[in-house]
Amino acid sequence: MEEGNGKLTDHLPPLLRQLKDPLGLGRAAQSRHSARLVPRTQTADKVVQSVCPYCAVGCGQKVYVQDGKVTQIEGDPDSPISRGRLCPKGAASEQYVNSATRAKKVLYRAPYATDWQEIPLDQAMEMITDRVIATREKTWESEDDEGRPLNRTRGIAWLGGATLDSEENYLIKKLFTALGAVQIENQARI
Amino acid sequence: MSSNAKLLTLDAGAWPDTYGEMAKPRMGFFTDTSICIGCKACEVACKEWNHVPEDFKGFTGKSYDNTLHLDADNWRHVAFIEQRLPAALDGDTATESLVQIAARRELEEDSGLDTLQEGEGLRWLMASDVCKHCSHAACLDVCPTGALFRTEYGTVVVQADICNGCGYCVPACPFGVLSKRKPDGRVWKCTLCYDRLRDDKEPACAQACPTNSIQYGELTELHERAEARLQEMQDAGQTSARLYGAHPDDGVGGFGAFFLLLDEPEVYGLPPDPVVTTRDLPGIWASTGAAAVALAVGIAAACIGGRR
Amino acid sequence: MSTRPEVPSATLETRPRRNGKGERAMVPEAEPRSYYDQPVIQEPVWTWEIPIYFFVGGMAGASAGLAYMAHLQGNNELSRRAWAISLAGIHVSPMLLISDLGRPARFLNMLRMFKITSPMSVGSWILATTGGAVTVSAAHAWTGVFPGLARSGRLVAALAGMPLATYTGALIGNTAVPAWHKARHFLPFVFAGGAAASAGAAAVLATPGKHAEPARRLAVIGAALEIGAAQGMEHAAGFEGEPYKKGLPGALSKLATATTAAGAGLLAKGGRRRSDRTLAKVGAGLLLAGAFTERWAIFRAGFKSASEPKYTVGPQRERIRKGESLGAARMPGNRPG
Amino acid sequence: MPGLGTSFGRGGATTFQQDLQNSDVIVIQGSNMAECHPVGFQWVMEAKQRGAKVIHVDPRFTRTSAMADLHVPIRAGTDIAFLGGIVNYIIENERWFDEYVKHYTNATTIVDEGFRDTEDLDGFFSGWDPETGQYDISTWSYAGTEEHTAGGHKEQGAAVSGEQAHGAHGMKLDRGRPPKEDETMQHPRCVFQILKRHYSRYTPELVEEVCGIPKETFLQVAETLCQNSGRERTGAFCYAVGWTQHTVGVQYIRTAGIIQLLLGNIGRPGGGILALRGHANIQGSTDIPTLFNILPGYLPMPHPQAGPDLDTWVGNTSPRTGAWGDMRNYAVSLLKAWFGDAATGENDFCFGLLPRIDADHSHYAAINRMLDGKCPGFFVVGENPVVGSANGRMQRFALANLEWLVVRDVQLIETATFWKDSREIETGELKTEEIGTEVFFMPAASHTEKDGSFTNTQRLLQWHWKAVEPEGDARSELQWTFDLGRRVRRKLAGSTEPRDRALLNLTWNYTTQGPHDEPDAQEVLQEIGGRHADGSFVEKYQDLKNDGSTSCGSWIHAGVYKGGVNQAARKKPHTEQNWVAPEWGWAWPANRHIIYNRASADPSGKPWSERKKYVWWDEEQQKWTGYDDPDFVPDKPPDYQPKKNDIGLDALRGDSPFIIQADGRGWLYAPAGLMDGPMPTHYEPHESPATNPLYTQQQNPLRQRFNRPENPYNPTDPEPGWDVFPYVVTTYRLTEHHTAGGMSRTVPILSQLQPELFCEISPELAAERGIEHGDWATIVTSRTAIEARANVTDRVKPLRVEGRTIHQVGLPYHWGPGGIVKGDTANDLFPLVLDPNVHIQEVKAATCDILPGRRPRGPDVLRLVEDYKRRAGVKVVGE
């Protein structure tokens, strides 16, 4: 395309270019912007290979990034499973990650409160940590009525979605098992 | 009408002639509706890539179609048609005996081409519609500003930096593809992902299509593929299949984006015999000129007549 | 499996129309098939400015011609007034057109190219030309400035004025709107007639009677042409012409014909005798109203025609059935599909 | 899924999506594949264009049916009758793959003489204990194996699940062979004959009566399956939650397993059973579970009855033979990964520190404890139970009864906002000012904002790289969990409490990176993949030791980091490798794409046919070879015979493809591992408009019920009042939305495509109830009433069942009070009643009534439901 842009004729007004395109249906009508058009995927800062977060087909995705923002997500033609194709949900991934309604701040609702309040992330983590420790202590079961060890609490339940990474599930199972919290469940059942 | 023919060839001349060595092979779509699963990935991928705004129509009750028609905010549209079928699935074979039909069904199933639920006499047609990128495009012809033009790929594109929203292309299109976007004021339609083509990338809809119902490529090659597919289905006894827009002798000189349909075009909301309105333009200009002369004569008569 | 139970009409929505039944009827259907009755083509997006422009622009064009002829005949009273009317119309027109644009600031793009395939492009150049020429001519007629320019200006204005009055017929005739496209050969004549009638009528209203004779005759001639062409059009448009006869557009067009006829009648008998002059002015008013209403009727008929799939599909399917066209869908062996 | 686990050994799809292109027939049942897995469906279309027949068995005519050669409308909840009919057809017409069945399945095994079938006991197997409502399964065992075939199983009650009961617990077999066999399959107590008797009444006529499927249509399906199986041809089954979400869900899958074993379709190209998971990492979150009853790699969670120490536990929960024979290696390696140096041979590798389970601790059990005020704290992470779980009203009451709730998600979902926008606020049952629950909402990172791996529906781990940093307070679960762990450990540092020992011994020092102190996800994957003492990475699970010299977070993932390479992150284009594409990601186990693939060769190791060759024995090289990694000991010859006292894989013969099973065979009959029977039996759904024509026992006797006021059940035929709820209601998903909607109702483009909740009903039902297409309809159960737009369509057909017409109502369940497009929640209609093996709720078949018009507002809706309950005489225990 580029060498084309250099052409003198491209800089003439369309009316004059019509000398070579009498009906003015083709190149004479092309605007300068159109002549220089390139896809944003070509000008992206980087592209990373990813996997669709929706169903478990596991379609390959290519995520294009410009100025620290995701600008396009499309199918990865290299994937042997999806061969570059995506369903409507996968194709909407960019809107999903850039959603205007996406939550960005920690919210806290006090008991009996009628509305949210924003609190700092660190404070929230501290509060949660305290509640985990207190609830665990309060509801600990060291052994069953036959005196056999239980080492557990049923005062804390955990329910996870199946869109978490395996590495995340691993740390969660590891931590909560060590905490003695046995009521660990996920979407796989539901 | 030789003058029309001349006009049309000139029209076609916009591509490749005006691009000289910069001309590319003519690119297009072949949409094989017999393998469309109606997932609407094409609609979404298109909106994502081209930043086409949402367009809420609510629950329309028209099968699974909540988009209804192509327009400025919907450049791909998937039609859904639920049909109860008589024993014979198309009119011209309506005289078949049940035995003949059963035999044909067997043939179809073995060939793996069957997409019909004869057992229940029910079929659910799905088809992804798009701008046809006509060989003789009325929108392109009537655009006064040159916002619409034929690209080096032979496709028809609206240039947003030129369009002034005069709206002439809207009623000119025999398929009702273009419309004005409010409050933007300009008209919009499928560009066949003009920018992606510049980087040898498939248009967004074609790349997304899970079953490859939307096929992108050089038009000549797509035509061969489509003919083969049609023959395949014909041999398999699936006689309702037909190609739509694959013939250069139709009213718009053939489509750059053509289809394989399983019923008459109007069932999908498509015109059965679309004609580029400018095919009749020479005649129209003649009448216009004649009318102008008539007006002049009338004025002259009115004035000169007074002398007597 | 071939017979279907009777189902409530509610279910019909879930499958496309076919005499309300799913089966393929064996006889050609009265109602063409469609996709849930969705229109096939888009309704035009033009708003109220456009029919007004058709009227004003036509009047301006015809007035330029009238002014030129009157000038040649030394009827300066009439000529000067006709130039003024033309001037007014020729300057209102672009305002109307610009206000209809989606991006008014870009109105100059109308002259970015010259496209013979686009009546609107051609029309824009005609309007621009006429505009300039009429301005010069009118200015000279009233103030006597630049006589040299005006000499050629008058001719140009008169020549460009004629197509200015008729190209709008080509403009809408050159669309996929069935009612308009089918009427393409008549529309320019209807508009020419309307232009003549309104130009004449306007001049009659503006000009002292003894000088207004040519205008009066022009108005009558125009009215005759307008009515005749409109009748011919409605006849020739056949099925696609239905919207001209039915509904609001139909009513408007009948009203237009009546008004125009009445106006023409009054003008025809009015005139020479001083006492008839008021009648003549009433007639002129009626003619203006009629010419405007006719434009409006034709404009609305186009919308109606676009909004119903039967007007688009019916005639096309008929062409195929009659073997006049193969259509765009082909079964193997190039059989129409 | 235990349905797969107990039949073949592993709880994962036996094949991979691309392999569907090799199928000669594909039966899609309990799945709407084209709509819910459109991109995977391309492989069905590939097969179709190669001439394969595609059959879709589903209550509704869906976008999948539109592409199928044959759509078979079925009454929701009757799949076992249909599939059992196919089993019967295969046996009656002698269509089974004899050589495959004799060598590769347990058809020849002779079963304990104490065993009695449901055919003998009117709907019960032997061992039924009405007191406990459980089976004592000792009589189900192979004849001649020790009494407690199932280890501690019989006391474990509802706690045991298929995964936990992996393989036959403690089954002691010498040379991996059952003590008593009959090669001729004629012995009356051999599995084959038992199977034959069990299904003899599942005739085409019965199928027609129960499922509403015309005899001819059924025979067409059965015959098509048989025609397309054998040496030259193969067929595949695809299923999803349309099979699992029933009170007999596991047994649905078992029945398909039996069919595929009889037809010789497991372990072969174009064959198999493909479980279609609905979420990016469902498979992964079962393999490396966030589930109460298993540890990574399907190791069972310790149970008091399973023994106090490591060895007793291993002895009680694993066989000596087959891959599970080495369970101690896997367990010790896991404990080393978790407790590092603190885990030593002396202290039993900290086994004693692990918490014990002794009941059902699943989500629904926990919900009940919340309602009883016994569970004050709840974490909900990337999940929206008030929309996605059965009986949403009960879910919301539970949340309102918590002390604290932590919700992590990318959007402010209904589970986080229940205290102000739930329907119970509208009805006045809950008042915001009276809800004491403290709620923390924490924004989460999306898949583009973190490194990590998803395990897709075919056991394939695929790595996704971080593209951008999460904004604001948004964090990945990896970062959040690590941070929470650090904080808790800091606060408890120095504690001498025994209960804190596990926590303080935990290896919890991952290197962090980036602005948010993100742990390195690859480092976690390395821990999962396994290391030798010297820190080098293990190659395969056979490398794992039981002396603490290896550590491995999940034995089935052993080798995922072999050679120091992140195998899951391999992205070699498919165009540059063979069709199996072994260099794209990494499939557990050992990057095998079709598992049990030794069965793709005949007993002597030769391919069954040229057309279906996949893995075979190479005489020259004396090793197994082929297109895929052999799921077998690489150099074990086909004629290998184990020696006495061999254990583990050595104890299995050279013609035993199912190497996870104690006997190396595919299980037509499951002597252990399932709560509700060794063979699938047709039971009606918990709520049904039809009676069970086979047995007096109407429903699965072990189905898990929750009798409490919040969870009333509709009467079921033949109980009086059942006809107040005369219609079948079933839920499903649409292509345009995702599960509970958190990831789709918040996306404008998707919301536009399917903006409103609708119900799909037949024209006949619409006429019967006076409902107009496009208008509103109200669906009522004894739980609640919801409103939906009526989508009246021929795609839903009335069925003739037991001489009556049965209407079905279809409901997509994506909507809730939040998001861009809002609507009532379909799951609110359904009761809590679960499959006993996996505690999955039955939301694919219940009963309802449907009325024209919108539902009443506010408290009036309660009155409507009360009126229905009164008319139906709904009894609620505990009220």
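Per-chain numbering from 1; labels A, B, C and D assigned in written order.
We adopt the following convention: contacts are C-beta pairs under 8 Å (C-beta built on N, C-alpha and C of every residue); 3 or more make two chains touch, one makes a residue touch a chain.
Note that this is a predicted model, so its numbers are computed, not measured.
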{"item": "Chain pair whose interface holds the most contacting C-beta pairs", "value": "A-D"}
{"item": "Closest chain to global C-alpha mean, per-chain Cα centroids", "value": "A"}
{"item": "Taking each chain's C-alpha mean as its centre, the one farthest from subunit A", "value": "C"}
{"item": "Whole-Å gap separating subunit C and subunit D, where each centre is the average of the chain's CA atoms", "value": "69"}
{"item": "Centroid spacing, where centroids are CA-atom means, of subunit A and subunit C in whole angstrom", "value": "56"}
{"item": "Whole-Å gap between the CA centroids of subunit B and subunit C", "value": "29"}
{"item": "Chain centre separation in whole Å, for subunit D relative to subunit A (CA means)", "value": "26"}
{"item": "Overlap residues in subunit B, where contacts from two or more other chains coincide", "value": "11, 39-41, 43-44, 48, 61, 63, 82, 84, 119-120, 141, 146-147, 162, 210, 212"}
{"item": "Touching two or more other chains - residue numbers and ranges from subunit C", "value": "13-15, 22, 112-113, 115, 117"}
{"item": "Contacts with two or more other chains, residues of subunit A listed in rising order", "value": "14, 23-25, 28-29, 73, 77, 85-88, 90, 92, 95"}
{"item": "Complex interface listing, subunit D residues touching subunit B", "value": "34-35, 38-39, 41-42, 45, 47-53, 61, 63-71, 73, 217, 734-736, 748-756, 758, 773-774, 789, 791, 793-795, 797"}
{"item": "List of subunit B residues in touch with subunit A within their complex", "value": "10-11, 13-15, 17-19, 22, 39-41, 43-45, 48-49, 140-141, 146-152, 157, 159, 161-162, 193-196, 198-199, 201-202, 204, 207-210, 212"}
{"item": "Touching residues on subunit A, where the partner in the complex is subunit B", "value": "1, 4, 14, 20-31, 33-34, 37-42, 72-75, 77, 84-88, 90-92, 94-95"}
{"item": "Residues on subunit A engaged by subunit D in the complex (per definition of touch)", "value": "46, 48-61, 63, 65, 68-70, 73, 76-83, 85-90, 92-93, 95-97, 99, 101-112, 114-116, 121, 124-133, 135-136, 138-140, 142, 144, 146, 148-152, 154-175, 177-190"}
{"item": "For the subunit B and subunit C complex, residues of the former touching the latter", "value": "7, 11, 61-63, 65, 68-69, 71, 79, 81-87, 90-91, 94, 118-121, 138, 141-147, 162-168, 170-180, 184-187, 230-231, 234, 239, 241-247, 249-252, 255, 261, 264-275, 277-278, 280-281, 283-285, 287-296, 298-307"}
